[in-house]
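Chain naming follows the written order as A, B, C, D, E and F, and within any one chain the residues start at number 1.
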Amino acid sequence: MTRAFYWLIPHPLLTLILAIVWMFLQNELSAGMIVFGFILGIIIPWGTSVWWPDTPKSFRLRKMIRYSFVVIWDIIVANIEVAWIVLTVPTSKLKPAWIIVPLRLKEPEAITLLAGTITLTPGTVSADLSDQGHSLLVHVLHTHDADAVREDIITRYEARLLEIFS
Amino acid sequence: MTPQIIGTYFVCLFLIIGSGFVLVGAIGLLKFNDPMTRLHAPTKVGTVGIGMLLLASVVHSFDIGEPSTHELLIMAFLFVTAPISANFIGKVNIHRRACDTPPDPPLDDTWSTLSVPESDRDG
Amino acid sequence: MILATQFLNVALAITFLALALGQVMSMVRLVLGPTSGDRVLALDTMVINALGLVIVLGIHQGVQIYFEVALLIAMLGFVSTVAMARFILRGDIIE
Amino acid sequence: MSLFFIVALPFFGALLPGLMNPAGRSACAGVTFTVTLAAFVGLLTNLPAIIAGDIVTARVDWMPALGLNFTLMLDSLGFFFALLILGIGLLIIAYARQYLSRNDNMGEFFTYLLLFQGAMVGIVLSDNILLLLIFWELTSLSSFLLIGYWKHLPEGRQGARMALTVTGMGGLAMIGGMLILGQIVGSYDLSVILQNRELIQADPLYLPALILILLGCFTKSAQFPFHFWLPHAMAAPTPVSAYLHSATMVKAGIFLMARMWPVLSGTTEWFVIVTTAGLITMVLGAVIALFKHDLKALLAFSTVSHLGLITMLLGTGTAFGAMAAVFHILNHATFKAALFMSAGIVDHEAHTRDIRRLGGLRRLMPVTFMIVMLAALSMAGIPLLNGFLSKEMMLEEAHHTVLFGSHWLVPVLATVGSLFSAAYCFRLISHVFFGPVRDDYPAKPHDPPAGMWLPPALLIIPVVVIGVAPFVAEPFVKLVTASVLGNAAEMPSAHLKIWHGLVPALYMSIIAVLGGLAMLFVFRPALRLWDAVPRPEAKVIFEAIITMAVKLSQVLVLPLHNGAFTRYAAIGTVTIVVAGYYAWTTGTVGAPMHDMQTADPVLISGWGMLVAATIGMVFLHRNRFLSLILMGIVGLMVSIGFVFLSAPDLAMTQFTVEVVTIILLLLALNFLPNNTPIESTVLRRMRDVAVAVAGGLASFALAYYYMLRDPVATSISEFHLANSYKGGGGTNVVNVILVDFRGFDTFGEIIVLSIAALLIYALTEALLSGPVRTRLLNRKPDQPQAGGVHPMMMVVLTRGMMPVVMMVGFYIFLSGHNEPGGGFIAGLIVSIGVVMQYMASGFSWTSARLKYPYHGVIGAGVLVAGFTGIGSWFVDKPFLTSDFTYVRIPPFQEFELATAALFDVGVFLSVVGAVMLSLESFSRLARRKDAVDSEHPMDIDPSRSDPVPRTAGEGV
Amino acid sequence: MEFLIASAIGVMTAAGIYLVLRLRTFPVILGISLLTYAVNVFLFTSGRVVAGAPPVLRDDVTTYTDPLPQALVLTAIVISFGMTAVVVMIGLGAFLGSDDDHVDDQPDTLENEPEGKV
Amino acid sequence: MTHWLIAPVVLPAMLAPFIVLAARYHIGIQRVFSMTGVLMLVAISAGLAWATADGTIMLYQLGDWAAPFGIVVVGDRLSTMMILLTTVLALFVLIYAISSGWDDRGRHFHALFQFQLMGILGAFLTGDLFNLFVFFEVLLIASYGLMIHAGGTVRLRAGVQYVLFNLIGSTLFLFALGALYAETGTLNMADLANRVTLISADETVGIRVAAVLLLLVFAIKAALVPLHFWLPSSYAEAPAPVAALFAIMTKVGAYAIIRVYTLIFPPDLAITAGLHDTWLLPAALVSLAVGMVGVLAAKRFDRLVAFSIIGSMGMVLLSIALLSPEGIAAALYYIVHSTFAGAALFLIVDLVRSGRANLALTAQAPVAGATLTASLFFVAAIAMAGLPPLSGFLGKLLVLDAAFDSDLMVWIWAVVLGSSLISVVGFARAGSVLFWKAQSVAPSADADPVTPPATMSYVAIGGLVTLLALHTIFAGHMHGYTTATAAQLFSPEPYITTVVDTPGKLSDGKTEDH
């Protein structure tokens, strides 16, 4: 039964996401749409699976959802901060800095997620990765304590991502 | 005060917040004098600004009786792609030496953008 | 309701103005540069602002018809940014 | 024999000598001779009818609407000329067989000769002046080939071109004249035209027609001032000279003047022009001939002179003059052909034609001597030879001719002409044949075989017979003269006879002969004088004129067409603007039908962006990358404008196309210089600005005018709006127009796109298999490259997005019929999704995973669209007729199945195939030699390796 | 509004023409692209120009902008995209062969040009 | 329902992708399909010409939509004559392309060739102006591909200019179409003909500008001076069979002028008065002069032929510009003539090219097959220069005859006859240098032995020359046909009513909506 399920739907998460995307696209919630969305969610991964030869082994969806809420909250709060900085801090008083985040994450997907989170949460932009992928280069817009920012990133995001991808 | 009217006020609110953020993003882009700092403002302030506008659109659609949520999809795309753009522009700035050169990474030799094979270095 | 509609109209006007100003400022940055990165960034910002314009137009006209346009801009707008950045970085955008 | 056969025989016969070439030289000549003989005999079969005064005709309609028909007519004039052409032709053929050397391609020669012969016969037998024109120009062409027969000789080529140019020019003028004549009369048939003398001469277009026709005649017959080509045509083999310049081609002009005599002559214009030209030519030709040292040149100018004589006779416009002309044509043909052939014999034997190197041949070549002496004396006008008779008649006619009010002008000049004529004849005889035998001839001369001397000898027979017994020729001459005169004049009562009594002509003749003899004695001082006087050299002048014409044409044309595209474009733009401005100013401006709509602030700001970006492109275009960014903004603003103006489909298309275009241009810019240098001058730039502003203003004015007005009737799009759902099954009218109402346009459009891709692919192949390949393989990037070829974040994102992009594409495709979207946009979306993979993960990695041959995708797309269209044939509906139905399968809602959707699948496939094939081709160019094909999509993947501490010595 | 649209068309046309008259292939191609934008908008405006009335049928809507020019412009956009791609490729091919991206023939290349090289 | 009328478009349109799909690596199979396709096209075109010869107007409503709402394809004497001309030309060109191996020197020749045919045939058949634009683009883009077939830097440089100029032309076409639609609200030619009569005399600028822009668009295609600059180098640099096929491309422009200016803006239409006679006729005279002077001026053989094409188009356009039945009849006769003559000359250029270092008009050693080549050149040059006895001369006579009543008669005659002389001198010079002077040049010792052209190459050129001869011999019939064609053009009512009044899908609702 399980084998049959995985044979039919090798990527259940993706299928689900696609079905949801389909519903959003159609802007409509109906039985037909759901069925059709799932059909597409099965067919499309078949056709596109050549593009991801090595997907992450494990992924904890529930933790991911919790993580998402954290990030969304951070985005909202920090956006206001940055807006404040942009509007009030004169250019000459601005203290930008490079910070380097050593990575414990290994999966490309996880690192990408981390980098994306850093960029989306205001005040920081992930600019580059080290040539072997073990450090992340982050640019901070305005800070007096770069180390604190790094610590924040590591504890608040990377730690959670480590759990999600373990 | 029908739900509709409340909705309309919410639409107004979101619109104004959104436009504020959009404006701030643009101001940041114009104001700062260093390419890397300029990168901050629009890539996310702008993103949130547009997100607010999308939210306004969702509320408005319920308001006018044609409920739609597909704007959320747009928001998702925006949030997924914005970091990539920012990443690339950051790389451009590093590559073009348009900003302070970042310190070397602790674990690896150098940053990916600066790791140019010897043969290509004087291209 | 009339008041709310009036508010909405004012809010829409403000939004249009903000988006337009945003565009103008981005345009100034684009022309000023000075680095290629700035210019690409300005273009990227303008694309996102344009997306905002499309959405607000939809609200303004009370139609859903522009959804597909907005979706496309959101999904593909970054492609030209990336392509241009890649061009600066590598010269060759498909290697 | 039917006239058709007489004309057609030489033409069809012309195929034979070439075929007989392998069979040998005699076979060639034999078959040519036979063909000519057949035509000759065929001609003779018509003799009884001619003698009876009948006119033999034949007619086949060719282009009746134009009045050009294959109408032939044989009267005595035509018969006379045809007789000369074919009769002398036979002799020339026999002579040529002996004359041509083994190195000469005989088949080619006789082919040309027969073509020429046919054309000549055609001229004299034509009853339709347009048909006559055709044969007329054919003689120019075939004589071009004959004169240029010895291709290796520059003189031959030059002479041929000169002859073609001069006679061709005359021929073209004559076309004009003949067409006018035909328009006046209302028919191009000679027999009709010849009946309308009064009508023609009263028409205001008579003079132009006359001048144009005479231009044709004069050039052909080498009349002053067109006489110069003839001597240069002597570079041809002697048989050609003998044929063309004694009996045939040069006589064509004379023939035509005689032919048109009844309708054209008798007016002052005719008289003054023709007589003057003839007189000048006669004198000038004779004078020049005297001082020529080349035998053939001497004969050539003598021919010029005699043609002038005949022309003058025709010009007088009297019946007697006409009769004298006819008689002299006959006589000249006989003695001149004999002389030419004899000159050829001398040349052939002594290997030179230079009179100064000859002399004393009388003893060495007695037979030739006899022939030349008789012929030359006839030409000199010595009694008992035929030349004397016609020359007497000429002098007699000259005596009566009053030109420019002067009674003595014509007689004196005629006498002078005769005098010089006699002089060169005497010089010919004495300087070549008399005097001591020399020991320095280039070759030892002796009489040739009979085959060579017999043909000229045969011609001497009429020279003598007519000279002694002119009455023999009289009936024939009068018969021909009657044809010339037509209804225009009565037959003169005069007879052909040796003794007319002591008339002025006799005295003039005596003066001429004696004076000619005297000239011979003062020849050396006269020659010194002649050499001392500077004269225009026709050949030099002609060459100069041609060279000048070529240079002039090159100056006129080549600098304009030097490949300066920017100038072409400027000229084109100015032309368009000026033409549009003209159309505008000559029309009436309608009032606006609407008020202007108020401008939204959004629109104003969008407008500002658009204008700023556009102007920015102009000012910053030297930085190519920057101008590309600005173009992106222009495109973006246009898209937004389309959204604003209620065109979501357009906005989407514009936006996606923009993305692909920018990718494409970036791929190209990688190879191109990044900057455009300043090269044009300030003046040039100002010119360009002026042109551009003019164009801009024009398009502004047009757009503004049209926008404020409505069409003159309800737009056809009302039908589309009304029937889009009913007949096309979709609510997105734009899409229904694209796939249904105007699906044929879309079919063409995807084909354009497919061709573009195939072309790009083919060109890439050509470049990669040519010399460019090595350069491409070894090229170094022109700017420093950053590290990180396949950045990890980008790779991860594109992977993750791929299924979603596909789904969105599918959605856009499906919703297209009712909402904005459709196959085209869906195709672009999917393509961009794949391109994202290419950009992120690299060319080879991505290609390795794409198993679809893009060619196949394109082909399949067009075929799917096409077969969808063809499908409607099976239900007896036209190509691309759509049909749709609503289906309900639980749990789905009712949905629509439309053939238009299948058509859209075709569109989708061709778009994907075309875009991908193009981009793939572009990026193939950039594959460098040292490029390493990546195994992995990203160049950093920490999950593949453990961290290596930087400080640690043990490395990778 | 009409004035703005018309003037935008005019400006794009003028700029397009100016760039078309430049001496190198790349700006000329950009100029052609600008001309294409201009003419597409022009063609678009040949119908009714209305804001907020897309030609997608709705039950309660009676005014629509003219759909036909939109379909025509769509076709035109696609075609000119193909054309642009082609001219870019040909121009690139010419540049790669001669290291010269002048759009005008150069006098020196004319002199010793290899005729009809295969 | 007969579908034959659409076959000339659909057949090559389906054959080409099929060749791409199934046979792109097998030149032999490509050749078989391509040749079969062209033969079928000849047969179909002949059938259509036969069917319309009696004056029948054939109508085909694409998608079953009635004109003017859908696109229609219309077969009348003119359009079927032009497609027959095209397909016959294509047949001989294809024979040459195959026999000379040109088709194998680059990729996708046969697919592009079929697409090219599709574009040309569609342009001749369509009854819709925007659809004409689409077919123009199809034929243009295919021609770009064919023009740069096999690559080479010089060819590519010429190709860039060719494409760019035509892109300007396409832009102009769209401007014209926009103007027309704005003014009339329709795109169908017959419907346009009806609607322009509704425009009142006090608001004519709109339609006048539209009309003149349209004229200029077609003038570019027809290489009318001063819009002809794209022609010389692109025709000279194009591969021979392609240049030969291009002989019909300029005629597409001429055809479109004839069609539009007899059907939509006929000479007696007051609101567009003064547009064609003020502009077209003088420009055509200048074209004729420039072309023939160019023949004299050319320093290279291929350029010479290209200029002669410009000249011949001047002749065609001048005859069209008379806008009289006689003028159009003469123009059509001349179009057939100059198509074959131009094609033959371009193929001869290729024969000359294959044996020489270059095509400069300088003496170089004669090559294998020179005698036959020279003979063919002589005949083709005679035809092109308009010397008797070939159809060029008859065409010239027809044009001169038709021009007799024109105000510019003296100018026309002077230019026609004068330029004829110039071209005769030019062709004689060229021929004498290429074929005669060559005999005084010894072949250089190190020259590679050149294989003589294939027999089938001569057959192809000989075929074209034979067609010229037949065009001459049957001039009466041909001219009769073109006269009938012109007559049909000058009484367009049957055309218009057939197109506009034939009902299609949902036509019953038509009256309600209108």
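Criterion: contacts are C-beta pairs under 8 Å (C-beta built on N, C-alpha and C of every residue); 3 or more make two chains touch, one makes a residue touch a chain.
The shown structure was predicted, so the numbers you read here are calculated from the model rather than taken from an experiment.
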Identifier of the chain whose CA centre is least distant from the whole-structure CA centre: F
Computed over C-alpha atoms, the centroid farthest from that of chain B is that of chain D
If you tally the C-beta contacts for D-F and for E-F, which one comes out higher? D-F
Centroid from C-alpha atoms only, then distance chain A to chain C, rounded to Å. What do you get? 23
Once you find the CA centre of chain A and the CA centre of chain D, what distance in Å lies between them? 73
Taking each chain's centre as the mean of its CA atoms, chain B sits from chain E at a distance in Å of 32
Indicate the whole-number Å distance between the mean C-alpha point of chain D and the mean C-alpha point of chain E. 36
Numbers and ranges of chain E residues touching at least 2 other chains: 20, 25, 28-29, 38, 40, 42, 44-47, 51-52, 54, 56, 68-69, 72, 75, 79, 82-83, 86, 90-91, 93, 97, 103, 105
Touching at least two other chains at once: which residues of chain F meet that condition? 130, 134, 137, 141, 144-145, 148, 150-152, 156, 160-161, 164, 168, 175, 178-179, 181-182, 187, 233
Which positions in chain D touch two or more other chains at once? 563, 565, 567, 569, 573, 600, 604, 628, 644, 648, 669, 699, 702, 706-707, 715-717, 720, 741-742, 745, 749, 752, 755-756, 759, 763, 766-767, 770, 781-783, 785-788, 791, 793-794, 797, 800-801, 804, 808, 819-820, 922, 940, 947-948
Contact set on chain D toward chain E in their complex: 562-567, 569-570, 573, 596-600, 603-604, 607, 610-611, 614-615, 617-618, 621, 624, 627-628, 631, 634-635, 638, 641-642, 644-650, 653-654, 657, 660-661, 664-665, 668-669, 671-673, 676, 679-680, 688-689, 691-693, 695-704, 706-708, 715-717, 720-721, 724-725, 731-734, 737-738, 741-742, 745-746, 749, 752-753, 755-757, 759-760, 763-764, 766-767, 770-772, 775-776, 818-820, 824, 914, 918, 921-922, 925
Spell out the residues on chain E that touch chain F in their complex, using ranges where they run on. 20, 25, 28-29, 32, 35-36, 38-40, 42-47, 68-69, 72, 75-76, 79-80, 82-83, 86-87, 90-91, 93-94, 97-98, 103, 105, 109, 113-118
Where on chain E does chain D make contact in their complex? 1-30, 33-34, 37-38, 40-42, 44-47, 49-58, 64-75, 77-79, 81-86, 88-93, 95-97, 101, 103-105, 107, 110
In the complex, go through chain F and note every residue touching chain E. 105, 130, 134, 137, 141, 144-145, 148, 150-157, 159-161, 163-164, 167-168, 170-171, 174-175, 177-179, 181-182, 187, 233, 237, 300, 302, 353, 357-360
Can you check the complex and tell me which residues of chain B touch chain C? 2, 4-5, 8-9, 11-13, 15-16, 18-20, 22-23, 25-27, 29-30, 35, 38-39, 42-43, 46-47, 49-50, 53-54, 56-57, 60-61, 64, 66, 68, 70-71, 73-75, 77-78, 81-82, 84-85, 88-89, 91-93, 95-96, 98, 113
